[in-house]
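Below: a set of structures, written as structure tokens.
In what comes next, subunit A is part of two complexes: it sits with subunit B in the first one and with subunit C in the second one.
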Partner chain A sequence: MGNALAPEVDGREAGRNVSGAVLDISGVCKSFGGLKAVQSFSLRLGPGDLQGLIGPNGAGKTTCFNLLTGVYRPDAGSITLCGTQIVGMRPNSIARCGMSRTFQNIRLFGDLSVLDNVRVGGHLRVRHSMFSAILRSAGSRASEAAMRRRAMSLLTFFGLADRADEVARNLPYGDQRKLEIARALATEPTVLLLDEPAAGMNSGEKVALRDMIRRVRDEFKVTVLLIEHDMGLVMDICERITVLDYGETIAAGTPAEVQANPKVIEAYLGAEEGVHA
Partner chain B sequence: MDQLLQTIKDGISMGSLYALIALGYTMVYGILKFINFAHSDVVVLGAWLSLVMADTTTRALGGAGAAGAPWWLGGAVLVTAMVACGLIGFTIERLAYKPLRGSPRLNVLITAIGVSLFLQNTGQLRAVFGTNPRSIPPLIHDATLLTVGQVNFKLLDLIGFGTAVALMIGLDYLVFHTKLGRAMRAVSHNRVTASLMGIPVDRVISFTFVTGAMLAAAGGFLWALKYETIKQPADSSWVLLGLKAFVAAVVGGIGNVRGAMLGGMAIGLLENFGSAYLSSSMKDVYVFALLIVVLLVRPGGILGKAVVEKV
Partner chain C sequence: MVWPLAAALVYALVVHFGGRTVLDPYYAILLVTIGINITLAVSLNMVNGFTGQFSMGHAGFLAVGGYACGIVTYYGSAKVFGSTAMRQGQLCGMPLETAGLPFLGGGEWFFLLALLVGGLVAAGLGYIVGLPSLRLRGDYLAIVTLGFGEIVRVVIQQSGKVIKAGGGKSAEQLIRDAPLYTLPGSVGGSLGFDNLPKYTSLFWAHLAAAATVLVAYRLKSSTYGRAFLSIREDEVAAEAMGVNTTKFKVRAFVLAAFFAGVAGGLYGSTLGVALSPVDAGFQKSFDIIIMVVLGGLGSISGAVVAAVVVTLLPEWLRGVAEYRMIIYALTLILLMIFRPQGLLGVREAWEMPLLRKWMGGKRGGT
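And now, the complex of A and B:
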């Protein structure tokens, strides 16, 4: 059923021919009516970067993720993923180019099993068409088996293998967060967007999460863009941080630079005069 | 005893038809959360296409009547009708529903009623099917296979029931054991998330409509085989058939594939038991009474999950 899909380029192949950047965002803007949610947002990420995106509530961080993944279309600006211009492409085509994400409020396929959640993520890396899957051709069975193995090894990596057949919504909260990351990795992304992975976790879980994000980055060779409110976590693992406030980029740099930036302090704590008034 | 057996037989035979049609309602609802009112008209289309094909082929093959029809003709007509209706289902979705993807559900619902009226009235054109009832030439030479007491189990009964069950098993396999089925379930759960995980949502929706329309065509074909005389495309009996299949989907739990099969059987049996043991003139009443009871007692349907409203 040939819908006019946006041109499908194997992004990762193309990416190697382009200089350094895996993800190149430049001058992206988005308004909702009179509200300027994101204003000229620019960011360049290289392979294996671990970049933080922080800002007070309503600063436009999640909107950025929605712009990157194609849920919203930017009013202006360009986003290049591995050399492919992805502005205007549909979310599923962008995912194919190598962008995947998790969600602030967990959005698993709750009725599906843990294993099926991960396998859905693997669909776009499977060769056989949906039609040949119905006919159960030998090729489709082989790739279905391969997909199952890959899904299981992902679940093993996250320590969820023994819960593979459980319905996703029955998992405890922390495991659901892990499963979301596993599902996102099943799409074999180049860039992994994590939206507040530490939300709702206790301090012990946060320590484990910190190690896990690093392991994910190293093992799966992904570039990570992390939205997080937990400053300890962000300052600890991110190499560079971008700070948004009211949709504007107010600071960018290493954790130490950002922490010392007066604009950032103002955004989080209010202006000096404001405090004393 | 004979009456009991006869009623069970009739109930199951009718129930499998309702189930087949109910599946189309439930699948589309599961994915797009709207009731495709044009679904019953695809059933009509399936029945009429079967009739036209049976008519032309038996005539072309020289002799009307069952004796002239080769054994494979019935299967060929069924498959062709399913393919044709699948294509029509695809076209309906593409032209009528897809442009409304982002709009309120009420708009889509009204469009579905429009599509239904369009199909009914196009079907009535003299160049298409006309306004007179017609009879389908016998495609299969019927024979009595087994007689228990005074109840005859005929070849046509077996073929009708067997086809319906085979299609339902096939669908169940498709939904729960294939890549496409997994994608359908993911899209049904959350369309945006599915597309972010790389599922081509529009293609999955198209597949869903095609599958639903194919099952509707099979339902129409089996209906034609069962009743021989086919009413004109806008006849109210078609609307009632569609409504009952819809009730079956709701009773089983709308959006739930296995629920639709269960609901169809339940309604077929209830209807036949009611008319055999209580009063046959109230046939339709039992069905809608069951709907009311289910909506009161278990609004989510037999297999449906209760929607808990968070306060």
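And now, the complex of A and C:
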């Protein structure tokens, strides 16, 4: 957004230093038995970056997300989030360090209300103890009220405020995707991982989603890493793209560079003829 | 806030003094049993309903709490007061001739202490059992907890005889002479720990029930309760949202064990009950599971309603004698066929559409 040469004014830009990567992944490997799911995967995300991770089905994209969020433990390599080495940490600790995600196959808390889904995300930032929650101390009530307000403002941002009391599983598909993003943002992340947010959306919804991802990045000052199958969307909003195929990084660069890369074309289209770039 | 606690106290006092004047002893003890069963069902609901883990060893905690409480009220009483007899006041015990007794006879504080000891011992054991086993999921956890109950049962079965009066000596004398460390092991083996002072009254049973419901409700409506529920809904997503799932499962388990221990203390000290190893067995655990499933996993009011129904149903059916248990079983089967989510599902009574509509209508509608 804005002119790249303009003085950096907003907080996110000001927080950037020369070497400062928010998320620094280097040489991460993961095998399942004989299958090398991810091989020496490296990626750097600066503050406020919006990068994409693409690749054909089974290329290892979601495995990468699972490695980053601690669902799987990498066989080798290092992952640094805001200066903290997070390899070997449990997912909940990594979330506490500032990484949050959505899931490819939506994983909402189906029987909980829309508001409660977002409030579970906010639990991480709660200060009062379980004991004071049982005693319902003044502090716990203030903290619950603040959490509710934050959750409602998130729901308002995503246009879900009037459905706050509905059970999450009753939401239409597109709203469920939005709710997952809202829930992830409730953890107040530094890095937000979006796993195929446009899956199953029609073209109108995709356009809305594209604008929403940009707005999320700007309003919540988060760094976004996006897995997406929809090339139009990725090429449109991502500043930098990494392409995986069979667990290997075959290309990385700006959308234009990646699009022109013969390896990428081969991975996606298979044969040499049929190249239309 | 203090007023719900005051309300719980007032509720227990009303049930106690009201029940004592209105009910005959049979119904009074039935009402005590209802209080104990509410405590058991609502506490198990914290594990099976809130966090979605399937514990099948709740009766193990019941028995541990009951025996720990009994050791305090029997042996402890002999050591502290020099007598195993009950120190009765108006708030203790079920006999109905209470004229002339002091309001607090000293036994109340002692029994409260014993109940807390029972609860804490059960909670401690809950922590030891829960920490390794709650890393397991689903069926495995069920098997481990089932095994836990059986271990408790067998261990109690192996315990020594209760020290009672005999050989020309009083029980107090014999207890004084016995080394302290042998006392917790002298709880009657398979014969049961049957001569405990019967402190349990309507007051204590319903105070425990009200306290359990209050704690469960406040948890459920707080961020900690939502964290519990998120584990039930989707453990992977809960973890990704920063919920330390192991820690929260253990917390729910320990809390549930505490209340089960308190309920055990109440149960063992109820008139007409002889605490025995069978109380730790799976039969008793299933009874509690039935209440939770019948009421709807996760619903506190459902667990309360189911505890009342499950306590009363076999009693109502006494009229049809030998068909009693068949009808009881059939009722449960039919309920599960036509309402598999339980009476109230995951919701609370006041969240049901019917009641909401009715209450909304009464307020003039919106």
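Keep this in mind: the second predicted complex is superposed on the first by the 252 of 277 C-alpha atoms of A that agree within 3 Å, B and C clash if a C-alpha of one lies under 4 Å from a C-alpha of the other, contacts with A are read in each partner's own complex, and residues count from 1 in each chain.
As a convention for this text, a contact is a pair of C-beta atoms (placed from the backbone, for glycine too) under 8 Å apart; a residue touches a chain by one contact, two chains touch by 3 or more.
What you see is a predicted model; the values in this text were computed from it and never measured.
Peer 1: Should subunit B and subunit C be called a clash or a fit once both complexes are overlaid on subunit A?
Peer 2: Clash - subunit B and subunit C, as placed by superposing on subunit A, overlap.
Peer 1: Looking at the overlay, what does A:51 touch: subunit B (first), subunit C (second), both, or neither?
Peer 2: neither
Peer 1: Applying the touch criterion given at the start, work out whether A:111 contacts subunit B, subunit C, both or neither, answering first, second, both or neither.
Peer 2: both
Peer 1: Touch check for A:84: first (subunit B), second (subunit C), both, or neither?
Peer 2: In the superposition, A:84 touches no partner, neither subunit B nor subunit C.
Peer 1: Which stretch of subunit C would you flag for clashing with subunit B, going by 1-9, 163-171 or 325-333?
Peer 2: Clashing stretch of subunit C against subunit B: 325-333.
Peer 1: If I apply the document's touch criterion, which positions on subunit A are contacted by subunit B in one structure and by subunit C in the other?
Peer 2: In subunit A, residues 69, 71, 90-92, 95-96, 100-101, 103, 107, 109-112, 116, 119-121, 123-124, 126, 130, 133-134, 140, 144, 147, 183-184, 186-187 are touched by subunit B and also by subunit C.
Peer 1: Of all residues in subunit B, which touch subunit A in the complex?
Peer 2: 90, 174, 178-180, 182-183, 185-186, 189-190, 192-203, 206-207, 210
Peer 1: For subunit C, which residues are in contact with subunit A within the complex?
Peer 2: 1, 215, 218-219, 222-224, 226-227, 229-230, 233-234, 236-245, 251, 346
Peer 1: Which residues of subunit A touch subunit C once you look at their complex with the stated criterion?
Peer 2: Going by the criterion above, the answer is residues 69, 71, 90-93, 95-96, 100-101, 103, 107-112, 116, 119-124, 126, 130, 133-134, 136, 140, 143-144, 147, 183-184, 186-187.
Peer 1: Taking the complex as given, what residues does subunit A use to touch subunit B?
Peer 2: Contact set of subunit A toward subunit B: 1, 3, 5, 69, 71, 90-92, 95-96, 100-101, 103, 107, 109-112, 116, 119-121, 123-124, 126, 128, 130, 133-134, 140, 144, 147, 183-184, 186-187.
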